[in-house]
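Listed after this line are the structures, all set down as structure tokens.
Look for subunit A in each of the two complexes below; its partner is subunit B in the first and subunit C in the second.
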Partner chain A sequence: MERTLRDWRAVLVFVGPALLLYALVVLVPILWSLGYTVYEGSPIAGFKFVGVSNYLRLLEDPTFWKALWFGTKYALFVSAGQVIFGLALALLYAFYLKKSSVLVRTLVFLPVVLPTVAVAQMFVKLFAIAPQYGLVNSLLSAVGLESAVQAWLGQGSSAFWIIGVMDIWKAMGFYAILLFTGLVDIPEETIEAARLDGAQGWTLARFVVLPLLAPITVASLIFSLNGTLKVFDSILALTNGGPGTATTPLTLYMYKTSFTYGEYGYGSTIALTLALQCLLVTLLIFWRARRSGT
Partner chain B sequence: MNKPARFASLSALLVLGVVVSTAGAQGNKNITYLTPQTQTEGYTATLLQLSQAYTRANPGVRVQYQNAPQTDLSQKLQLLAASGSLPTLFSIDQPSLLQQLNARGQVVDLEQTFKQLGIYNKLNPVAVQLNKKVAGGKLVSLPLELNIEGFWYNKQLFAQNGLKEPRTWDDLVKAADAFQKKGIQPFAASGEQKWPLTRLIGGYVARKYGPDVMDRVKAGTLKVTDAGFVEAVTAVQDLGKKGYFGRGVTTVDYQTAVDTFLQGKAAMFYMGSWVLANFNDRAQNKIGAQNIGFFNFPTVKGGKGTLADWSVNTGLGVAVNAKQYDAALGNWMKSVFSNYGDRALAEQGRITGFKVTKTPANVPALTRLVQQRLDTAKNGYLWFEGYFSPKATSVATDNVQPLVTGDLSPQDYLQQLQSALR
Partner chain C sequence: MQRSASLSVPNKTPPVNRWAWLSRLPMTLLVLLVVFIAVYPVVWIFLSSLKGADEFTANPMWALPQALHWENYARAWTEGNMSRYFINSVLSVIPSLVLVIVLGTMAAFGIEIMRWRLRNVASLLFLAGIMVPIQIVILPLFTIYFNVHLLDTRLALIITYTAFGLPLVVFFLVGYFKSFAREIIEAAIVDGANIYQVFYKIALPMVSNAIVTVALVQFFFMWNDLLVSLTFTSNPELRTVQSGLLAFTGQYGQREWGPTFASIALAVAPTVLVYLLLNQMVMKGMAAGAVKG
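Here is the complex of A and B:
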């Protein structure tokens, strides 16, 4: 192995093509986009050098701050939901359902493989108010709660929760499987020994299972936060950022700025802040995990 | 793959290549056409029918239909334009984008082209003037429609409630109030599309300041934070807050709004006359065409605008890609657009920016009504966002949703719009 690694020609042959492809499709566009942040314009209107004015504009753009806050709030809520529900399901599979968990696992995993747009369309219909009540409003109406019937997706406050619930429901099966594989890896003897020492139920989970599962939980959290900070398709399909800009995260704001307003420079600047946010969150989790010794 | 098979497929490819390249040399043309309309809807239906007839006589020339939803249209066009792959013909809904494309020489100057083809006299001068106004003085999009906008109303519901056609804004609000009390939704409106709601703001300010209001905003001599705009936005917000647009208006899409009116569930519907295609369709229209009336945007107290001013436009324009213009496309255009005006009126009762040479015997009554009103119009004004940049258009339309639900104040709405206009 070491001899192979010392042979630079072998390294070049094995790693080179992949590295080149990676550089072409990932690194070059990133640098390109970075370059755009000091320009303004679009390929149709032409570009003009503007220095740091895009960055200054960021500071005093209320829509940007609103989008940043919405995205952060959304990521915290949805990631917490995805990992906590994922964990709960994994524990359920491993300790209660045991061998018979296959059917439940399949059912919970199903939404993961469904196209987001299809899931979003289903939720739009579930929460519809016009032309007909959707399932939720019909149920409310049927049990006499006519006053609670509302345009769930037509108001920022309730739309936030619906998008959140949809994304948790859609992805929790994935995190459940991820954490389940971690649980399966925990040696049976360790659990057995803890049981002999009197650990049961919550005590067993709190002091034995969860610490052993910590590395994979941290990985899930990083996965989930980076996914949710970059949320795009589900919001686009569910509310398109509306009503108004109430459910617009940075990704959607960046997309609209670049491709609807034709401001590629400012759009790239927004994209950069999003990349920095993701980097920061990942570093923070790593740092926390290392400090707590896992 | 064994050797003979590989040889066979290679030679097949070669032969195919030769055939394709000779076909190209014979002046054949593949015309790509991008639009948010479906193939059986609006001017697209007429264009495709006329084109099919042309293809029967000239089998090498055909139109390839492509679709993009209207909410994504300008994004798609910008990306296509940036990569130099615009379709041959495309619908375009952002005047500022059209002007940019024109400045870059990406679209055909249609005045010049139509004159060369000898069909310039087929165009209606009013429509030409409108399109030039929108695109900064050049005719770069085809006026495939000529519309006026106003309130359509259900005559039966008005009669049953002892109400007359409103002529002032106060009358309109009173009528709406009466319907709401009876449990009839006063207005059908698509808040999901957003623009049907900003049209009401545009109409109100045109009555308040006169039909040149948005020209003054464009010139910078009038700010949208002015008191009259606050009055207009507040008036529209009030309609929303009182629930006159129905429940969940911001989630109602265009077709649902049309259906709500045509099924008799709403008393009034502000819309452009392109909606006649739906009204004239018996399958969709459950209240009957004879039961639909039409009135202009009502006047407001102390306003300069009158009932002789109409919101007029040529609908979703269609531009032609300059890079793909050649003799074959010219011939196709000459044939299709020579017959377009007659065909659109005969088949769909559609009034277009093209002159009609053969008036069909059975023009639908509603179409005749719109034609009469068009003839009486003294002044025309564009829709609210007609002169706006894509950014200002987005701010105006996006924010109208929280405006009508009461989550955004009229002052904030206008403040944000004014800063987007700078």
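Here is the complex of A and C:
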């Protein structure tokens, strides 16, 4: 048996193709991308070694700092929304709807599987002002709030909220399922014991359920922040980063720098800051979670 | 899933109270509101896709369609080029799915069942891939595809989808092999089966359910992708449903809302259908994938 399991040719047959493809398309390009950060140019125009100048340029580029700030602000807002609404829904499923929650869970999860581009096009129509009022402006106008009718996606401030609302709406069902699974995994004896000790309702939730749910909440938060820091599809399809660069996160700035202006070296440098930001946020949450003893 | 019931208040026999439903009313309304918020935009898209051009100006946006203008779909399908985008999506998603499942299942088997020195390293490499943002590799990939003349081909999409799908598939299936396959597989080897027979006749049937689940998750990722298809194809003839929809609704859609809504409905239709048919599996698969990631 040992000999069969140690047959290196069989190992090669089973793992070789996947590992080779994966190495060529994912692993090698990661290193390659790091190399790009000290070059300038594109495959079409050719490359030139420029040392650390891309990094220096980063420090002095106001658009970069604006994109970094927008992306961070956006990620914090949307992740908070996704996890808080997800948690509220999970508690609703587990404590109120109980066994009959299957249908509700199924329907609330529906937006999760929809393509972001299609959802974004739908939101464009929901908030449209021209050529016709979309659903929202149409409603506002019908209840006499004609003054509140506006080009929701044409202004940086309101566009921020709409992209945020869309991404929360789209993902809350997902976090609800994740946290619900965690809730269901809490041993019933623990809940029973707390009940016998007189814990009920909010007290039960605050001092018993939520602490027990902390590990999966932390996982949700990490997952959500990593997703929202990389937001691309929804913003591209909703506002394309505009008006101006008002709703441009790092991903979109990197994409435009690279493919609109053909600056691959600088684009890679921006991509690197994005990867570092994701890593930093993840480590920070792990560290906070460990310190608070969960 | 069943144990959620145990979280309820212990059953005391409640006094008969004809107004009991009233106390439940606020929560019932809340639940209805939640479901409404989740589902209504999708219903709105579908209803709007059946409206005639004049209805968009004459009636409020929430009004029901007066007559069913199915021709919006025909126009989206032909004039809006949705038929071409559908073919492109299918021709890049289906081969990618087959490849990622075949390669991923084999790799998971090789990593978890076979005994070799660097298997932990291989396993770790795949794990790392779950966390790599695709943005960081998209520029080198563009250069590679440019140099080997793969830009503007479906093969570029297939290769990218497959490679980026592998980490999740491998991890998902390694978990399955770990949980219950080992003894049975060892018994089969003792009985004289060779490693390929073990894989094909014993291991594969054991993880077939897991394969379906992880294939579903991959289907949603691939069908919904924008970044990869946008980056590696610039020829409108090669656009997939999502990148095609983006271009289509951008210009044409400003003028004609009926066909625009129909094209959005067409873009979401496959995922909605697959989800409605297999929702429990999709939910479990996505949640498991996220936790492992």
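Points worth noting:
Everything below uses one rule, namely that the second predicted complex is superposed on the first by the 272 of 294 C-alpha atoms of A that agree within 3 Å, B and C clash if a C-alpha of one lies under 4 Å from a C-alpha of the other, contacts with A are read in each partner's own complex, and residues count from 1 in each chain.
Just so we're on the same page, a residue touches a chain if its C-beta (ideal position, glycine included) is under 8 Å from a C-beta of that chain, and two chains touch if they have at least 3 such contacts.
Values in this document were obtained by computation on a predicted structure and should not be read as measured data.
Contact with subunit C, but none with subunit B, is seen for A:111 once the two complexes are overlaid on the shared chain. When the two complexes are overlaid on their common chain A, residue A:68 makes contact with neither subunit B nor subunit C.
Once the two complexes are laid over each other on the shared chain, residue contacts for A:122 go to subunit C alone; subunit B is not touched.
With both structures placed on the common chain, the touch criterion links A:138 to subunit C but leaves subunit B unconnected. Between subunit B and subunit C, C contacts the larger number of subunit A residues. In the overlay built on the shared chain, the residue A:262 is in contact with subunit B alone; subunit C does not reach it. Of the two partner chains placed by the overlay, subunit B and subunit C both lie in contact with A:43. Applying the stated contact rule after C-alpha superposition, one finds that A:238 touches neither subunit B nor subunit C.
Counting contacts as defined above, subunit A residues 43-44, 131, 259 meet subunit B in one complex and subunit C in the other. Put simply, subunit C touches subunit A in their complex at residues 1-8, 10, 27, 30-31, 34-35, 37-39, 41-42, 44-45, 48, 56-57, 60-62, 103-104, 106-107, 109-111, 113-116, 122, 125-126, 129, 131-133, 135-144, 146-147, 159-160, 162-164, 166-167, 170, 186, 189-190, 194-196, 198-199, 220, 223-224, 226-227, 231, 241-243, 245-246, 249, 253-255, 257, 260-261, 264, 267-268, 271-272, 274-275, 279-280, 282-283, 286-287, 290-291, 293. Within the complex, the subunit B residues that touch subunit A are 71, 74-75, 78-79, 81-83, 97, 100-101, 104, 106, 191, 246-252, 256, 259-260, 389-391, 394, 398-399, 401-403, 405, 407-408. Those residues of subunit A whose C-beta lies close enough to touch subunit C in the complex are 1-2, 4-8, 10-11, 13-15, 17-19, 21-30, 32-33, 36, 43-44, 89, 92-99, 101, 104-119, 121-126, 131-135, 138-139, 142, 169, 173-174, 177-178, 180-181, 183-184, 186, 188, 191-192, 195, 216, 219, 223, 226, 230, 232-233, 236-237, 251, 254-255, 258-259, 264, 267-268, 271-272, 274-275, 278.
Only residues 42-45, 128-131, 149-151, 153-156, 240-246, 256, 259-263 of subunit A touch subunit B when the two sit together in their complex.
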